[in-house]
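Going in written order, the chains are labelled A, B, C, D, E and F, and every chain counts its residues from 1.
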Amino acid sequence: MQNVLNYLFADAEALYADARYCMLGGPFDGTTSYRPGTRFGPRAIRDVSYNFEPYIPVYDLDLDQVPICDLGDLDLPVVSEEAVAMVAEAIADLIRDRKIPIFFGGEHTLTVGAVRAVKPDWFVVCDAHLDLREEYRGAVYNHGCTSRLVYNEGTTNIVMIGQRSGTREQYEFAKELILYSSDQVRRDGIGVVLDEVQQTIGDQGVYLSIDADAIDCCYTPGLGTPEPFGLTPYDLREVVTRLAPQAVGFDYVEVCPTDDGQTAAVATELIRLFIAAHWSARRAGTD
Amino acid sequence: MQNVLNYLFADAEALYADARYCMLGGPFDGTTSYRPGTRFGPRAIRDVSYNFEPYIPVYDLDLDQVPICDLGDLDLPVVSEEAVAMVAEAIADLIRDRKIPIFFGGEHTLTVGAVRAVKPDWFVVCDAHLDLREEYRGAVYNHGCTSRLVYNEGTTNIVMIGQRSGTREQYEFAKELILYSSDQVRRDGIGVVLDEVQQTIGDQGVYLSIDADAIDCCYTPGLGTPEPFGLTPYDLREVVTRLAPQAVGFDYVEVCPTDDGQTAAVATELIRLFIAAHWSARRAGTD
Amino acid sequence: MQNVLNYLFADAEALYADARYCMLGGPFDGTTSYRPGTRFGPRAIRDVSYNFEPYIPVYDLDLDQVPICDLGDLDLPVVSEEAVAMVAEAIADLIRDRKIPIFFGGEHTLTVGAVRAVKPDWFVVCDAHLDLREEYRGAVYNHGCTSRLVYNEGTTNIVMIGQRSGTREQYEFAKELILYSSDQVRRDGIGVVLDEVQQTIGDQGVYLSIDADAIDCCYTPGLGTPEPFGLTPYDLREVVTRLAPQAVGFDYVEVCPTDDGQTAAVATELIRLFIAAHWSARRAGTD
Amino acid sequence: MQNVLNYLFADAEALYADARYCMLGGPFDGTTSYRPGTRFGPRAIRDVSYNFEPYIPVYDLDLDQVPICDLGDLDLPVVSEEAVAMVAEAIADLIRDRKIPIFFGGEHTLTVGAVRAVKPDWFVVCDAHLDLREEYRGAVYNHGCTSRLVYNEGTTNIVMIGQRSGTREQYEFAKELILYSSDQVRRDGIGVVLDEVQQTIGDQGVYLSIDADAIDCCYTPGLGTPEPFGLTPYDLREVVTRLAPQAVGFDYVEVCPTDDGQTAAVATELIRLFIAAHWSARRAGTD
Amino acid sequence: MQNVLNYLFADAEALYADARYCMLGGPFDGTTSYRPGTRFGPRAIRDVSYNFEPYIPVYDLDLDQVPICDLGDLDLPVVSEEAVAMVAEAIADLIRDRKIPIFFGGEHTLTVGAVRAVKPDWFVVCDAHLDLREEYRGAVYNHGCTSRLVYNEGTTNIVMIGQRSGTREQYEFAKELILYSSDQVRRDGIGVVLDEVQQTIGDQGVYLSIDADAIDCCYTPGLGTPEPFGLTPYDLREVVTRLAPQAVGFDYVEVCPTDDGQTAAVATELIRLFIAAHWSARRAGTD
Amino acid sequence: MQNVLNYLFADAEALYADARYCMLGGPFDGTTSYRPGTRFGPRAIRDVSYNFEPYIPVYDLDLDQVPICDLGDLDLPVVSEEAVAMVAEAIADLIRDRKIPIFFGGEHTLTVGAVRAVKPDWFVVCDAHLDLREEYRGAVYNHGCTSRLVYNEGTTNIVMIGQRSGTREQYEFAKELILYSSDQVRRDGIGVVLDEVQQTIGDQGVYLSIDADAIDCCYTPGLGTPEPFGLTPYDLREVVTRLAPQAVGFDYVEVCPTDDGQTAAVATELIRLFIAAHWSARRAGTD
């Protein structure tokens, strides 16, 4: 039977074996502190993917010509530590098979599993929050501890962009890392910030993690822990398209689709641009 | 990779070749007159299917032990007549392969395609509306014309249950058919009504079509054309479980998921009970 | 230009001069204590009127053949006492012109103005609340004082159906009136209750006021002050159709359209049935 | 300063020392499997409490004359086992101080802590689900394991009312308990069922736990795991008012306020009736 | 009766005969591909018109002093080609009577009918999408074909502003037209772009069509096909006020009021500014 | 019992006697003209306060170390004049006790009571609307009259920032006041505007009133009377932090939480920054 649709990411039509990019969702929000619902993030991202054309003019690229597959969602347990372990295992499979993982959250905690599997040179994270707690509300594997866990598990090269919320202790710890607050990005311009970032990291491999709340909640209010005075979607577009070529893993997490769809629309367009930017760069090279 | 979920109907885990029941969605609402959104009906039905246990106590049956497959959604064109034709073609494939089609709407118009393919002895339709117009708002293939189209295409044995809305002309035409209004069901009891229906149709094959608005909109308000003073979910449960054993096709249409999920929950539970009742009856026989 | 629609009640196509029934809305919710929004009630009632067919089978009547006009909404001031006065003046115009007023709320307070103009023999009110306060939250013209104001302004023949909430003082005062609580209606049946009511009031003129919260909030949750354990829509249908023939005024108030449309759908169908029942009775007589 | 309101339960105006009834909320939904949001249940219950009059006519009782206090919400950790422990500790304090605990969920798992503290003779639970799993999605302290945990922790006298969903294994285990399914309640009437229950338990102490999803989701759709074909609000009113006099603890859990408020309205009215029924019975006695 | 309101555009109080500006709505969304609901656009625009003051300070103009009438909505058929024909006929009447048509969508397809009637020198269209398909989902009269249909019907002078989505083929075709993408507007400034546009078109007559999705969906998410990285409301204000003086027709389409009202608020304010700018310019001249 | 939460503002943990800042809510929306719901503003502000960390990096300040108390909400009558009087009385108590009042609306009318009690040298008001009517819809104490009432009651030193809507008469009256429209702020920059403002008012005491609709409704759509083309959240942050040090009273009104929470999030963050800026300035001085 022809003309049958499933609900997976539009234009992700490659077989696993042929795919360069593998999408995977983690519908988990078990440690959410404020507003639950990021478990529906992967579905919202996939739904709105059908709203977009395959063609991406700035890259002169048809996404349905890129070898992408969408594996669906992991069926995660309720204990966050075990959910992270399952993500780590799944992403490790992808890395072993030389895929670029494209992970959709779900809460930010799951990123820890992906980074554990990818073992990147650098962890670049856009977020409203420092996520540098040692523990939060009785759990170590908590969305408020993401970047700290990444650090503690060995990826200590961390660049943070857009952060504007944290405890005094977290700000203290952040001094060991490279931090560009949203106010600093606003003042200096994202271009200048990214020039600096790229000078720092050179051409090393980057795991790029986007917490949707990096963007100002006035632009994209569908968030579990909304913060105003944040990045613009344009800032994030610049981050994604400039760092994609050297990325070895990518996630977009914390989409909580309780708004009118704009948060997922931005996420999905940035996921598409990540792939387009990465693929265009590699095509030109020897990948 | 294990533990990966898609968004298809829960427990519909059979391969097409092995399946006795084949689910298919038609996300189409192009002729909707009042409130659009039934295009999201198939997704809502599948979503809430994960809310239910595989086990159905009254039939002592685990649904994941029944050979069901879910093919996903048809990618339908915007012209209703062509959408009906595509449904007819798809359902004809299923009939040829000796499957019981389980179709999810989308608007009621699509039922015409399914009935065209199934060619049942009887068409039993639960609906708030007569759907007996010759034409509506400039289109013959319109949700207000469903039962008339079924009749005109040759299935003239029609039993209608729950209707309470129509024009004078439609009520005139309905005199040629068998009609149990929702008030009559309320007065006599659905058991008595179904006794009569079963005496009329004997053991002939039935295509059973459930327009979600058959149920009173105070119970299930997620509808494109809501009507109060309708059937109860219990009435519909009785219809579905008593007629399922002789059904040769089934659809549940017009779920418009703008409510808090109750309309899709009832639909999905009735779809599950249809399968359980049909399978339990056939297991006992020689099917 | 043909084929142009406004947003007034469907099938209310008579000119004022020719009309027997005149609809008027009062989009006012200034004294609402719990959830605001009944100001949008008249619009919701008119919107859903387009969902229904003109033909009403039980009366074998096409509503577009009945002389109904819809005047739109009053532009009411924010002070409740003045809003009531403006309603009284407008309804007085209708009475003078020998129309049957069909008033849509807005909050129940406005009913006081309508009753003031109509001067009926009896006031029959379906409501969850006694509305018998002398004053509420600093205002005498408050939705919690409706029936008391009606009484104080001289209509002391009051029948209350469906009430289940009030203060001790209100219940004390209610002893002077005729009260059928929702539990009593449930126990005895609405038929028995209405037999009693009709014996009491004989063929005298009735102003019938329906506060939408008379119905159990589990059936129709779009209410400013929702109460469970109330009347069913069927109870209210019986009240409306049996009392309509002797009604000299009618209102349906307190629809707060924050739900999925079921509260307005029931209201609108009952408004239609009120007219059908009244018109059918009068046609047979000498009206 | 006079006239200042907080957001605690209306009419719960007693000091802790004077209170006979102590309300406490548990805004936790960490193991929710389908739709999150029961964390907002306690707030929704308190909000709608202001919608009701203090006076309860059937008991001729003013609730603000009953010694009730509302302690607010526990600040629970994210790990379910620890959340249960914190509930147990808090309820133990109340029991020590000879209060009747009135607990608002949050998810059903928390009930285990309350029962652990209360140590009742009988556990009577109204629920759509058996909640008899040994473990669910990697956690023992999971909302799908509530009744099993109660049993395993030593309260083996369990009466279940309204259940209609479970695995084959759970139904097997349920044979050791007393179970009245919603279909059985519908067939026999809740009065007959409660006669039997009361004969069984005599005048022993009861912990009464109401999972909001015991009620049919067509009446109250604001639920984390909605199930149709359930109890009516009237069934539950009968359970609550008949068992309240012998209750030693009470909870109302799993209110997920994503609907138009009807689920919380029913919950709150039943909480009020529980107190009224308990207090009225005790006043007559020697309590 | 005084003080009676209808639901038509606020301050549109002229009689048809006296009106210079005639508003007309087209509640049609039959070919919508992603999210339906633009059928409710005209109503949302009119509703929010009551939120604004008649006085427009920048033009020192009271809108209720401008001769505007609002005719209501066309009662359109479900077949898009016929709906377009009905729009064409209605707008032709307005043109014949020397009115400036102000059309509210509904989906963009209807614009084709308006342009067919107006026969402008230039078609200036703000949109996220190229709308240059020859056919889409089985229909030629589809919202994805609007600008192509306008071109094919003879208005080949087309300026496109804000576009950022289309297929490769559409971008190819667009080379024959004048296109300013949203990124180009962002880079150069809308002032510079409009200087160029005005040099190109001189003082020729313009039909100005605003597809609401021209604006970035982070500002106005109430859209059928939302796209981020778009124009700002300020960009659109500049387009509307600078081109209004030479406009011979205007529409604002694709408002899908599923958001919190901001999309309709922007639309309505721009419709008001269009009229104010057009009227102010003509008053100064000889019109 | 430890770990018990109420619903008051997070980190407002001081006793009244010790507090420097006293929060108070006024859940009143009785004169609202367009969309009701600002009565829920205080609750929305408090709810989202739990979303933020106590630590405010730019001030290097932990909010839970600042002496703040939250008194809850006034229980206001329905007549606006009396509600204003009750606010005036309550705020007078705070002023007498040398607290800085932090008032949450509710509609803007209530501000009149606060200003009456505070008797500031200057009234600085950010708003979309002039609020300079003498009377509106039959009431003098109306949200459309706020600034006029403040003026009439004797505070004639008024600075208005962000206004863009009013009648011709109001704009006439505004010539006596100092007005920076939102377009002017956009053109000149908020920094320049505030330099001018501060030169004008010197170090005199300021009552700062923020009507949430000062911000463009595309950023924060949760408003009773939304207006596009307004201030940005950054503009308002500049106003609040620069004027806080000389403020003697502060309110944030007209939050109508019908959006996805962004309007309340911005309000709450600005309330936090007001306190941080005020406290930081005074700590440095002799306060």
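Quick note on the criterion: a residue touches a chain if its C-beta (ideal position, glycine included) is under 8 Å from a C-beta of that chain, and two chains touch if they have at least 3 such contacts.
Computed from a predicted model, the values in this text were never measured in an experiment.
Peer 1: Starting from the defined contact criterion, work out which chains touch chain B and chain C both, please.
Peer 2: D, E
Peer 1: Counting only C-alpha atoms to place each centre, which chain is farthest from chain D?
Peer 2: So the chain farthest away from chain D turns out to be E.
Peer 1: Copy of E-F's interface among B-E, A-B or A-F, judged by over half the contact pairs being the same?
Peer 2: Going through B-E, A-B or A-F one by one, only A-F repeats the E-F interface.
Peer 1: From the mean C-alpha coordinate of chain C to that of chain E, what's the distance rounded to whole Å?
Peer 2: Comparing mean C-alpha positions, chain E is 41 Å from chain C.
Peer 1: Distance-wise, how many Å sit between the C-alpha centres of chain B and chain F, to the nearest whole number?
Peer 2: Each chain's C-alpha centroid was found; their separation is 55 Å.
Peer 1: Two or more other chains touching the same residue: where does that happen in chain D?
Peer 2: Residues 219, 259-260 of chain D touch two or more partner chains.
Peer 1: Let me know each pair of chains that touch one another.
Peer 2: Between chains, contact exists in these pairs: A-B, A-D, A-E, A-F, B-C, B-D, B-E, C-D, C-E, C-F, D-F, E-F.
Peer 1: Which part of chain A faces chain F closely enough to touch in the complex?
Peer 2: 34-35, 164-168, 171, 181, 183, 186, 216-219, 221-222, 225-229, 258-260
Peer 1: Flag every residue of chain C that touches chain B in the complex, lowest number first.
Peer 2: 48, 50-55, 57-58, 60, 62, 219-220, 233-234, 237, 259-262, 265-266, 269
Peer 1: Would you pull the chain B residues touching chain E in the complex into a rising list?
Peer 2: The contact residues of chain B facing chain E are 29-32, 36-37, 39, 77-80, 82, 136-139, 142.
Peer 1: Across the complex, what residues on chain A touch chain B?
Peer 2: 1, 3-8, 24, 43, 46, 71-76, 86, 90, 93
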